[in-house]
Each structure stands twice: as structure tokens, then as C-alpha cells.
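Handing you a structure now.
Chains: A, B, C and D, in written order; residue numbering restarts at 1 for each.
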Amino acid sequence: MQFGSLQEIVDGYIRDGQSVALEGFTHLIPFAAGHEILRQKKRDLHLIRMTPDLIYDQLIGAGCARALTFSWGGNPGVGSLHRLRDAVENDWPQPLTIHEHSHAGMAAAYTAGAARLPFGILRGYVGTHLSRVNPQIREVRCPYTNDAIATVPAINPDVTVLHAQAADRQGNILIRGIVGAQKEAALAANMLLVTVEEIVDSLGAPMNAIVLPHWVVTAIAEVPMGAYPSYAHGYYARDNAFYLAWDEMSRDRKRFTEWINRHVLCSHDHAEFLDSLAEAA
Amino acid sequence: MSVDSALANTYTPAEMMTIAAARLLWPGCVCFVGIGVPSAAANLARLTHAPDMVLIYESGGIGTHPSVLPLSIGDGELAETATAVVSLPEIFSYWLQAGRIDVGFLGAAQIDRFGNLNTTVIGGYGKPKTRLPGAGGAPEIALHAKQIFVVLKQSPRSFVAKLDFCTSAGFLSGHGERARRALPGAGPQAVITDLGVLKPAIGSQELTLVARYENVSVDRIRAATGWPLAVANTVDVMAVPTAEELRVLRDLHKRTEIAHARDASRSRKTPALSASQVNA
Amino acid sequence: MQFGSLQEIVDGYIRDGQSVALEGFTHLIPFAAGHEILRQKKRDLHLIRMTPDLIYDQLIGAGCARALTFSWGGNPGVGSLHRLRDAVENDWPQPLTIHEHSHAGMAAAYTAGAARLPFGILRGYVGTHLSRVNPQIREVRCPYTNDAIATVPAINPDVTVLHAQAADRQGNILIRGIVGAQKEAALAANMLLVTVEEIVDSLGAPMNAIVLPHWVVTAIAEVPMGAYPSYAHGYYARDNAFYLAWDEMSRDRKRFTEWINRHVLCSHDHAEFLDSLAEAA
Amino acid sequence: MSVDSALANTYTPAEMMTIAAARLLWPGCVCFVGIGVPSAAANLARLTHAPDMVLIYESGGIGTHPSVLPLSIGDGELAETATAVVSLPEIFSYWLQAGRIDVGFLGAAQIDRFGNLNTTVIGGYGKPKTRLPGAGGAPEIALHAKQIFVVLKQSPRSFVAKLDFCTSAGFLSGHGERARRALPGAGPQAVITDLGVLKPAIGSQELTLVARYENVSVDRIRAATGWPLAVANTVDVMAVPTAEELRVLRDLHKRTEIAHARDASRSRKTPALSASQVNA
């Protein structure tokens, strides 16, 4: 486990062509880390996430991704992701291969990944067309009842990136609030990068809290507001207006590209990104 | 005319749809809720006739009591007011798949006459005309919830003879196929639209118009349906919203707007502040 | 969900012949509930638990059980369970059918039970004789890698009995500290009975605490010290001396039977049981 | 003779065994610990040369730092001093099966020459002479931990030519069978007894005596083994316990006795008290 700047840890551990999961279920979405990946112009990534939202829309629109494994690709509470749509519908800026699941299927795949089983099982996908378009959705027979049970292959990302509330000085990570499949995605990965709101002397975690011990963490960067415009429970609220504005902003390729240039690429880091938004407001 | 009845005469089709959905819920029922109309309907029911309903959001909140509607499925309000907050894999395995959900709410871009739903693509899958967000929790909610209520606006574009893609199973090809294939839940038992309510016919499971809203004709509903709509022998006219229903629903929406506006202004001010000072 | 006395809820929900899991992993073992089962002379129970300890030794020795599903049957930190041994080795007081697993296998079986899957999967049992003596341990082939993966049938007890720290007045249950497989055993069961140290106005549970909501609970009884001689984190410590003394006490059939008569059967409830131990001390 | 060397000359075989096991652990290693000698050895290592070791107990404590030894695998001390306390299903799936354990400690009633272990029965399974506690976590610890250290007293009754029952796989029939069958971990890399240390031979994986303790002859060790014991060309004599090792180990045991006596007296006094007043 090492501490570093976000720039250092993205540069040090994320390579072109890798499978990368920036997990987060509405809460604690690692926006700052996604922007740093975008700034460092990583290419040919296989992005993985149950709910690719705005940060994946940005990475896809900026040409960082060759593939996407997901189960719901929208702007939560708002509507479509226009850059994701443009990639799938029109191959812009480049073709995007999609591997599509349901939430239950992806949860089973991450769980299998964390447990290092080669597959997960669920009663799922019955009567749907998803298994027609995703050949990875298969089935086994129950050795006791002979029931057909759906299977999904384990997901084991090369790198998982999380945002969390806090790390202590040893590098133990505390996550609280809505946790989605973050723990499973973290433990399924070969490398785990974490941005945190703050590094503290003691996590003060309740006994059965969700803590990732330092020895499963690859690297940590302190990035205050690192989930903005998503939120960090106990630190700041979700900027719902940003999500609404994105719907408008992202419809047009030119406006999208200008926004990325102005706010992400021309910012040196997340603090400058936040400043540039404040100036524009 | 009293103030209350004046209020009741001004409702919108969207309000009527929400209220019609809320009326189908009962005290103590365990409801798997999505964002939008389902969330509004479930919370309206909880704040009126079913105060002990259990709301479960797929983001992990079990027994949530939000005072405002979430804008996203993972709003902090849902965690703060929940009996328990669990992981998403747990929600889908120990709670949904385990058959603990009485009612699952689903929306869709397309529905067919047997209640099968499409939220994936319009057009072909490989090169779609419109790529929609996709499945999310819907396939397994449709499979495992003891029953499903579908909420969507009725039009020939959404009520289609043939789905472009089947994301979630309703009654499949009807005529008992769902039961024959032993899907655990009973499937869509009501489709609540902005015009009326459809229920599956006994035997065929074909969606059949059983209720219309005030001032909406059966012909108008037929015209908004992309297949020859089955109509029950008697079509009820659903009671208009009560003054209390409208008041509670509008209060809920108003509180929601105020809260989200406040969060947004607070959130955008915070970059300059120390993070731990805010909202801790 | 109903509140009742322990006597009422055991009488109301536990029937002869049922499969019953009194779970607890050293911590929060439902001793009081086990004693009430013993007092009510339930018979032909199929007892289920990863770590049958003293309370199962007592139930088996008193003739309540026809079968036992388990993965480790000892006196933790001390040695053997002499009544369990006597039943297996000598059919005393009656034959006991055993269904034997490893902890990992039983954890997978409870997890499958809680998820209402017909079976659980694990990389386990390889190279051991356990699958020779437990025909329920089988295997499936991974549909992706063709690896052989062990399977166990789901465990779904008729009744699971837990002891927890607290319930609120709605019947929501808080468990904190070492939790073993209690949550899985609770959610796998058809009925869930819970004894608690106290019923409180508010659980005051941290956000990601382990809370079982009232609507999955069948019945609750308030039984202070209900885990004694096991412990309840935040309430009282484990009485290790009792566990040591049991090793001696339970070796002899006559001494065992006298102890059960004097302390359990002649006590009307758990408070009297504790008093009778205090008098004997 | 100094006080320290006088101390070192008074060690027991059990102390030597614990210390020999502790010496095999290294800074930072992640160790899956059971009760008894393994727990004492792991904590001794943590309190001496390997302060940043990670101790995991199957009851759910990850990164525990107990100040006294647990008497049971689920003592409260393990939860109170852990980085995280997780469920038992999680310990076995996300942590052990996932290959995150460097060293798993196991004891046994019987061991054979290839390090296979029996903790299930002496005699036949159906009608055993002695029913032992059974498998617990051992089969999967033996399978998944990157390596296994076995700790048990050496005698012809425990070191047997043929196990009555194989509870946990060592090298199976040796000669590469474990590798051919692709068991994930490397199996038993050391067997630490009260007489010396055995390690698997390259090629055959037969357990081979590589070290003996001071004042213990190779012949005595042969006599304590129920098969013709393989002996390395050179058998080291393990260094006697250092004064620090003995001091730390004895302090640990003394603290443990005091704490458990205190807990017991407190626990037996509590029935008369209100539960929530105690230890809250």
C-alpha cells in the first residue's frame, strides 16, 4: 500500500488496454479519478460498472474506452447518457463493445470475482433476451433438484477504483452509507486504487463497519470532494443540478468536447476542476 | 364548490397515475421501489393509507422513510432513514431472489399485450435506433417479486404489438406459459397508465382494460394502444383523487423540490470549504 | 412479528420433528432458548449448527435430537463434547444421524438458503474424505473453465433461533460483534425466533449495522443474560470457567442427567436457571 | 550464568514448539489463526519480530491485535481489536478462498507422512472408537492458504502410517499429486512438533526431519513416528528460546490467565444485575 497524489497513482497503475472498474452506486462515484484517467489520455480501456453514469459518459465520449460491461447505463433520475448512446448507435468517437447484464447478474459476477470462484449463480434472466445478446450468460443444472440456474462468469477487473470517506495512516479504508457493490468490486480486482475525502488518525469505525484493510489496497490518494458531483455521505450532498445540466450539455458532440477541454483537460487536478466549474457558474 | 373539490378537479394525468398506483398498495406490503412514479406512489401510500409499508430501494435501503423523494436511486436520504442499509449483492440475493418482495414496480419504454417489457433498445440490438439505459434490476424484479405493477404512459409507441427486445418477462406468450415455466412471482398484475388500468385476463393473461380515469374514453385508450386492446365487460371509472391524496402528493413534491434545490446550492458552494465541515 | 415470553414462543413455534438451527459462533449462543426447548421436551429435532457446542451437547444428551448437521462439534477452546460423542459412539440416549460439512461448506449452504438458491458452490472438500461420508457434497462443472466446483444443498431450517443484543418496539433486531453465520441462518429459515438482552425504544444502530427488520422476524422474547454462559458483546463476558467445568461434568451420563434435572428442568425459566447456578456455586 | 540464560534453560517442550512456530512467521504475513498453539505462536511473532503481521480468525476478525489470547475462537477481544469484523461466510469466501492468506495454521489428531490430516474420527466413521470435533475450517484452509504450518505433539498415535479419515489434504499420495490436481495452495510447508520440525522433501513431498530441539535425539523422534521417518542429511539443532521470546510468551500467557479469571468472576456475578449495566 502506498499513498500518493491522484496523478501519481493513476499514472503508476492504470495502463492502456486494462479492464477498469470505477464502482459506486450513485453514492461515492470516483469522479476525480475518472477525470485523471481522462487527463492522462488512457486508451482502449474495458470499463466495468453496474451503473455507468456521467463519468463513464465522459470517458467514452473522450475516446478512452473500447468496451463496457454494465447493467444500467443512464443518468440516474434524469434519462439517457448521450455519449454512451452516440458510441453504441453511431460508433462515435469509436466503436464500443458492450457486455450487458442485469444488476443481479453483475452482482453475482462481482461476488464470484471477490470469492475467486470462476462463476456466480443466480435465478435470473429467465424469459429475457439478454442471454441471446450476451453469450456469457449460461446455465448449470442443480445437482439436487435438476433446476436450471443461470450462471455468469466472475468479473475480476485489472484495476478497481473507489472513492471512500476516509483512510487511516496505515491505509485502512472506511466506506459508509450506500455501498452498492463496492466491496465486491474492490476484492475482485487485481489492483485497488482508492481516493478518499480525508486521511485521518483513526477511522473510529463501528464494530461491524465496512472497512477494507490496508493490505488489500494498492494505493490511496487524498482527494477532497473527489466524488463531486456525486456525494460522500457525511461530507457533501449530491449536486443534482449538475446531473440535470449534463443531460443538456452532453447531447451535442461539440459542446461536450469543449466542456471536457475547458474543465477537465485544462485543469491540472481536481481542485482546479472544481474551481473552473465555480468560475463558469 | 368547496376548496377541496376545487383542488381535486385540477389534477394532472401524471398525478392521477401516481394516485392510482398508490391505491393498489396495502398496509404492511413490502415494496421494491424505483425512481420516478413508483417512488412517488409508494411514498404517497406510506404517507396516507399504508403507513407501515416497507419500502426497499435497490441501492440497499431496507425500510426507508424518506421525507422527500429521492432524485437518484442512491440518494443519502434513503440511507439515513432506513432500518438497514445493505450491499447491492445482498439486496438482489437475500431479499429479492429470496422472494421477500410483495410488489415490484417497473417502468418501460415498451410493453406488449402480455406485460413483457423492453428497457434495452428501440431497433436492432447490434445497431439500435435508440439505445435505452438497459435492464438494471428489472429482469429479476419481474421474475421474483410476488407481483409486479407496471407504470408507464400509454401511447402506440410504448404499447406495442411486438417488443424490439424483451428485457423483463411478463406472461411471455401468455396462456399459462409463465406458470408452466415455473417463474417464481405471479408477474404483472396491474399496468397503471396515464389513461387507466389494465389487468391480465384469467386464462390468457392478455392485458385487459379494467378501469379508465374520469373524462378518458375507452376509444381514446384503444387509440393509445398498438394492438387491438382487450376491454373488460365492465370498465370502472376510477374515483378522482381525493383532496388528501392530492395534498399529500403535492406536499411531497414541493418538499422534494425545496430539498434538492438546497442540496444543489450547498453542494456547489462546498468546493471552497473543508470537506469535513459540510454535512458531517 | 409478535413479542412473547420465551416459554410462549418456543411452545408456539417449535414442533417435534422440525429442523432447528440455534446459530451463534461462540458469541450470542441462544442458551436460554435451548434450555426452554429442553424443558418443553421437544423430540426428534434435526439440529443444525456450524459449531454445536454445550447447548447442543445438552439437547442431544437429553434426547431431543434425531439428527445433526454441523461442521465442528467441540467445546471451543476446551475439547470434546462428551454427550455428542456418546450419541455418535454409543447411540446414547438414542442414535444420532450426522450430516457433516466443513465450515466453508456450511457457510455456502446457509448463504444459498438465505438467497433461496437450491445449492451453494465453493472450491472446497478437495482431497478429503468428507464427500465419501456425506453424499450431499457433490460437484458441478464451471460452464466457462470446466473446473469441478463443489456443491452443497441449501440449508433452510424450519426454525432458526438467535440471541441478539436488542430489539426495538417494532421488532427490528440489532446484532453486533462477532456474527458468524447468524444473518444467513436467520434469512434461510421459514421461521425466525429471537431472544434479546433488552427491548429498547431505539436501536441507535450505525448506518451499515447488521439489523434484521421486524417483518422477517416471527417472534421475540426478552431474555436478559440469554446467551449465558456464552456472551453478548456490550452486556457481559463469556464464562470460560463454565465451559471448562462442563468438560468434567458432561463426561458421566449420571452426573449430566442430574445437572440437567437440577438446573434446567427444575427451573421454570432462564432467571431461575441462573439463580440455581448461583446457589450451587 | 545470567538471569536470562537461566530463564532460557527452563523452557518446556510446549514453549519450544510455540516459539519454533512463531519464528517461521514474517513481518507483514497474513496468518489464519486457530485457538491454542497457533494463536500463541502468531501473537508471539506479532509481539516480537513481526509487529505488522495480519491475524485473521475464522470467527470474522481481520487484523486483530489481542492483548490476551482468546480462549475461544469467538472471544470478544478479537472483535474489539480488529480492523474489521465480518461474517463467517465472508471470511471463507472473500478472504480464505480468494487466496489472501499467506499462512494457515492447523492442528490434528493424526498426520500421515504426506501431511494429510485427520480431525474427524479414530476408527471407522460410522461407528468410531473416538469421535473428534471434525473439520471446522481445516479442509479449505489446507486447500487455499498459500502455505500451511501444522502444529502437533509427536507420538506414534498421532504420526500414523495410515489416517483413519482424511479431513484435510496435505500432499495426498505425494510425488506431485497435489500439484497435478491443481490444489491452489502449496500445502504443509512445515510440521512443528514438541520434538523438532519436519518439512516436505522436494520431489516426493514426504515429511522429512530437518531440525530437532536441543537435547532431543533423532532416535527419539524416529520412535515417536508411526512410520519409518525420513531424516535430512543434516539435521539442524534449533536455537533454544531467547530470553525475550520466553518473556513475551510467558507474559502473554499470564495476561491471558488473569483476564479470563476476571471475566469469569464478572460473568458469574452478573445474573443478579441488569444486563445493560455490565460491560456496556
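The rule is simple: a residue touches a chain if its C-beta (ideal position, glycine included) is under 8 Å from a C-beta of that chain, and two chains touch if they have at least 3 such contacts.
Keep in mind it's a predicted model, so treat the numbers as computed, not measured.
The minimal number of chain-to-chain contact steps leading from chain B to chain C is 1. Set side by side, A-B and A-D show the greater C-beta contact count at A-B.
Between the Cα centres of chain C and chain D there is a gap of 27 Å. Put simply, the C-alpha centre of chain B and that of chain D have 56 angstrom between them. Computed centre separation for the pair chain A/chain D is 41 angstrom, with centres defined by C-alpha atoms.
Shared interface positions of chain B, defined as residues touching 2 or more other chains, are 79, 85, 93, 97. Among all residues of chain C, those that touch two or more other chains are 116-117, 122-123, 177, 179, 184, 207-210, 233.
A complete list of chain pairs in contact reads A-B, A-C, A-D, B-C, C-D. The touching residues of chain D, when paired with chain C in their complex, are 35-36, 58-61, 70-76, 78-79, 85, 87-89, 92-93, 96-97, 116, 120, 125, 127-140, 142-144, 165-169, 172, 178, 181, 183-184, 260, 263-264, 266-268, 270-272, 274-276, 278-280.
Residue ranges of chain B in contact with chain C, taken from their complex: 28, 30, 54, 62-63, 79-80, 83-86, 93-94, 97-100. Contact residues on chain C toward chain A in their complex (touch as defined above): 116-119, 121-123, 136, 138-145, 147, 149, 151, 153, 176-177, 179, 206-210, 233. By the touch rule above, chain A contacts chain D in their complex via residues 114-117, 172, 184, 187, 205, 207-216.
Considering their complex, residues 25-27, 50-51, 70-74, 76-77, 80-81, 84-85, 88-89, 100-105, 107-108, 110-111, 122-130, 133, 177-181, 183-184, 197-198, 224-225, 228-229, 231-243, 271, 274-275, 277-278, 281 of chain A touch chain B.
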